[in-house]
Amino acid sequence: MSITYLDAIREAQAKALADDPRVFIYGQDVGNFGGAFKATENLAKKFPGRVLDSPLSEDAIVGIAIGAAIEGARPIVEMQFADFSTVGFNQVVNQAATLYYRTGVPCPIVVRLPSGGTAGGGPFHSQSMEALYAHYPGLVVLTPATVEDAYSMLLGAVAIEDPVIFCEHKLLYYHLKAAGLPAEATPIGKARIARPGRDATIVTYSAMLHESLAAAEEIAADGFEIEVVDLRSVKPLDTDTILASVARTGRLLCVGEAFPWGGVCSEVIARVTAEGFGLLDAAPQRLNAKDTPVPYHPALWGTHRPTASAVAAAARQLLEV
Amino acid sequence: MSITYLDAIREAQAKALADDPRVFIYGQDVGNFGGAFKATENLAKKFPGRVLDSPLSEDAIVGIAIGAAIEGARPIVEMQFADFSTVGFNQVVNQAATLYYRTGVPCPIVVRLPSGGTAGGGPFHSQSMEALYAHYPGLVVLTPATVEDAYSMLLGAVAIEDPVIFCEHKLLYYHLKAAGLPAEATPIGKARIARPGRDATIVTYSAMLHESLAAAEEIAADGFEIEVVDLRSVKPLDTDTILASVARTGRLLCVGEAFPWGGVCSEVIARVTAEGFGLLDAAPQRLNAKDTPVPYHPALWGTHRPTASAVAAAARQLLEV
Amino acid sequence: MSEVVKARHSAEPGDASENRKGREIVKAYRIMLAARVLEEKLAALYRAGKIKGGVFLGRGQEALSVSVGIHLRKGDIFAPLIRDQAGRMAFGDTILDTLRTYLGSSLGSMRGRDGNIHRGRPREGYYAMISHLGAMIPTVAGGLLARRLRGESGMVGATCLGDGGTSTGAFHEGLNAAAVEELPLVVAVANNQYAYSTPNSRQFACADLVDRAIGYGVAGHKVDGTDLAACLDVVGGAIAAARAGGGPQLIVADLLRLVGHGEHDDARYIDPELRRKNIGRDCLAVAGAFVIERGWATAEELAAWRDEVDTEVDDTANRVMREPEPDPAEEDWCAISTRSIEDNFA
Amino acid sequence: MSEVVKARHSAEPGDASENRKGREIVKAYRIMLAARVLEEKLAALYRAGKIKGGVFLGRGQEALSVSVGIHLRKGDIFAPLIRDQAGRMAFGDTILDTLRTYLGSSLGSMRGRDGNIHRGRPREGYYAMISHLGAMIPTVAGGLLARRLRGESGMVGATCLGDGGTSTGAFHEGLNAAAVEELPLVVAVANNQYAYSTPNSRQFACADLVDRAIGYGVAGHKVDGTDLAACLDVVGGAIAAARAGGGPQLIVADLLRLVGHGEHDDARYIDPELRRKNIGRDCLAVAGAFVIERGWATAEELAAWRDEVDTEVDDTANRVMREPEPDPAEEDWCAISTRSIEDNFA
């Protein structure tokens, strides 16, 4: 049996619906059609009345989820693409994120964001929005990079009482496969050593984990062992695991697919330098997408985003310092 | 003659309207009423037909400004509070910010955001949104901290061909005063040494400049000279001026009023450590608001935001390392 | 104004109907009065510099507001807006909690974290508005959807909005989505002719805001917002229709705000012509006169009721002003409920 | 279907009117045909793996789309949407630039940075849509406002939208603001009954989308989107009304999309009943038959026109496929025009 990242997301939703009568799904085309990416395929049939097609109204979709959560439901909302969540942004950051702090009533919604670039996706179907949401207090922002995490973290997201922004990477949907689904969930908020090493640490998440692992593999041929940390969650950020890795390696490279200004990478570096300055043998570096909208043409896109070879080049430079 | 920060903003708009027939102002209550903060007072009378009240529609306000800019106009848009720009967020980040890159046609709009906390402002009238906008490629994000800058940077914002997010701090509107307005504009994108020093650098912007200057003054009594850098612009970020200061002092504290995750402070630290690691004698530190919505009660707000004494405490700690 | 009401109750014998109506109107009137007295106190406290945050009052809008709150039941949802002191009190909010939030007592329902018009108790169906206008419409719709999904029926969710608020995308998306789901949502628009300083002529171009109802496929209702009996009747009818499965209801009441946008505003921009028209009548005075005219109470009784609230409001304010403010040192400064995954900033 | 058209032109002598109409319809038909042939080529290229990005076609929607583009003039503004190949070509877009963007040539108007349905030439009034539905409505309104502010008149701005797009806040805010400013904005809604897979029953609850017009105080027009003559007439009338100062115009055309949402989609969800109804007719076939029936052209001429476009499309595609793709090394990777203040990331 082989299960994809997308299957894992579908299975997690099926399990959440089966286990918890408070769960329902709301979003564009999620019903009979099963969603633009088929992440909810067959769920409407299996759980009649609990997987609802919404109008083309992201702001209302999130607002409705929030109201439902106030009344004790556990809505899972699908944005057709992460990029369209800019239209529902206000409800997420100003209502979902503030509800618990203001009123003491938690807001257990999950907003699924099909994120990240794909060849030909272009400026409006490729964005990585984790930094925007992580900036606002009151949200939990998850960025699973593996099939197992996609499953267990989505279940974890539905289980907790707080609003979760669930950033799924579209590039992983079909290609990333695992033999099966995990029986036990890794706790939310814990990073993971995806590859142990001793010469440098690459901190990354989501699709960039795979570029980074490939880069580490490439560099291993030169005799360097790169440790790769998969953040899994960008808010909260597991600073302890990162610091422990940097303590072992003395060198840090952060890799993210998002735009460079103020993203996950700069946050990681700010934390590591504030708390682990003495651990660093070299200046911490970061590698992000270029500071332009995501270009549509695959040839441009391939340069706009960090690739394994760009990661390897950055890592080699770091090792040489 | 004494001119306030708010006067400066009004005068800059008056001058822009007088000098350039392409300029017009659009926003809620900006017409006869002169705006919620009186930043456009008398402008509708002085420039008939060019200062227009909009409906209560932030998304349309920005969209209309973009269309007008495509046709060669230079709209200045006022959001009643920065916080309400979340509702017009999509047009800013997905249309204004991408237009030039995609089509080669620039988008010279200015979006004025009355920003930052005031006593009793609460979660929805206190936000500092510069980091959100700076994250997106294609935007210029300005954060004037002085009367002179409010004036000359707003004129600069109207003059350039690119979309500018102009973050005005509400706390400075009435209290901050200058003797007159500058004849010459400081170029956009240049930071400024607001107070020279040799023992540590505080990098800050907007209202936090004044808390930082007060802290520096306080610490000067102990014999320490803190250099205070006023960023003025957070995108672009004048890394050179920051690095030059850190080269002099060896110590860096970044102070911002925004939420802590991924803001201006973490971006500054990531750049300084990447490019000026060897200049640092101690771990760079940052001080931000707390990671909760901005509380409404003045007693809570006073602790939520960094104050002069909190800045002084953080700076003292940095000096002791 | 009694015509419509009479027609509606024509099945009852005249006297019984008249008495029932009298009791309802007197009850509503007394809530309006309490809201008015309380708001006058808030204005005085504002001028005295005692208030934390802003003061935005509902003077002139009490008839509509109370009509929404009074027809809701326990188990219903209410998301009041800026000018709904009367509706809030009709739905169960108290003088005590109102003063606590405005005066910044730590014992208030929002614990100093938010306050004033943003207060609420969501667990009791009393939603706490965010400032972004229109946002509460989908929120209430979602609350109703969740209730329906777990098998409940017979509930209603109501929210209020101003003329300006109808221009938001949130209004459109929320009402449209509620219509698709046929939810028992009532949206009461207080068309007070201005959004802050912006007159309706710069806000919309339709002949009447109620014309929007047909574009959503929902029932539309118009009412004279200065007329308590009419408001009680029309709003009551709309809420009953929603409760009975009639889907969303859009009510548009024409009225005038008789104060500034907030207490910092002198409302100089309001056309004085409007003040002289029917729309500019003070709904509380009109309702009081009506109550007296119908013989449901005497002028002396009305004055006594006012004194009663006056005393309660003053006493409560004095008490609340001695209550502690929130102590930042006691705050845990955590924005999520799952403490175990709180993010740590060194 | 000729009834309405005849009535409108009744002032002209019968023959002259008939000839003028014939020329207009034939001109429109040939653009529709070109769009159809070009889109068929795009579909084939998609299946052959030659396309960069997605392919979203307008099959079945050409009559409405061409009617918008054909009535616009140089100096007008047009913001087409997903399914407007016909309208784009009527407004001046070329087979060459279309193929260049789809095939990823660096010589295309968007230089590989964006493409396909997102292409445009804003400096020529041909706006480049962003994906976020509804967003182009305020944008076009703003373009018109700027033109008016600098003293221009007589221009029109048009944009298209689907049924689903009417549920966005942007549609509401944009149309409302345009109505307040009485701008010459035309919004043509292709009500193709589905938004991706979502049927209208899950999208809105009003009896007809055109009922929204009254809620904005704008003129509303209904038309059979499968009928070219009717579309030309109604859209032409709406555009003329806007041009003459009649303010915003909302057109709702009922039709069916005769392809998948994108070429990856088999559109299985479309109710087969609908396909059999009038709404399911192929507007191009209907228009062709009408042209022949009226004697404005023969079946042979129609076939020859198709061959002509076929050849041009094939030749152009072959030429474009030999053009260079954008070279990332030559890109300056700068998102702002003021290079002197570009932000530098080390």
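For the reader, a short list of remarks on this structure follows.
Order of writing sets the chain letters: A, B, C and D. Residues in each chain are counted from 1.
In the analysis below, a contact is a pair of C-beta atoms (placed from the backbone, for glycine too) under 8 Å apart; a residue touches a chain by one contact, two chains touch by 3 or more.
Not measured: the values here are computed from a predicted model.
For the pairs A-C and A-D, the count of C-beta pairs in contact is higher at A-C. When you average the Cα atoms of each chain and compare centres, the chain farthest from chain D turns out to be C. Taking each chain's centre as the average of its CA atoms, chain A and chain C sit 41 Å apart. Separating the CA-averaged centres of chain C and chain D is a span of 45 Å. Centre-to-centre, using mean CA coordinates, chain B is 37 Å away from chain C. Counting partner chains per residue, chain C has residues 110, 113-114, 118, 130-132, 167-170, 173, 176-177, 180, 202-204, 334-335, 343, 345 touching two or more of them. Residue positions of chain A with contacts to 2 or more other chains are 54-55, 57, 59, 83, 86-87, 90, 94, 97-98, 101-102, 123-124, 137-138, 235, 237, 261, 271, 274-275, 290-293.
The touch graph of these protein chains is complete, with an edge between every pair of chains.
Against chain C, in their complex, chain D makes its touches with residues 167-173, 176-177, 179-180, 182, 201-207, 211-218, 247.
Against chain A, the residues of chain D that register as touching in their complex are 51-54, 104, 110, 112-116, 118, 130-133, 164-165, 167-170, 195-198, 202-204, 269, 325-329, 331, 333-335, 343, 345. Across the interface of their complex, chain B is touched by residues 77, 109-111, 113-114, 118, 120-123, 127-128, 130-132, 135, 137-147, 149-150, 169-170, 173-174, 176-177, 180, 334-338, 340-346 of chain D.
Contact residues on chain A toward chain D in their complex (touch as defined above): 28-29, 31-33, 36, 53-57, 59, 81, 83-84, 86-87, 119-125, 260-261, 288, 290-293, 295-300, 302-304. The touching residues of chain A, when paired with chain C in their complex, are 21-22, 24, 49-50, 54-55, 57-73, 75, 90-91, 94-95, 97-106, 137-140, 160-162, 188-189, 233, 235-237, 239, 271, 274-275.
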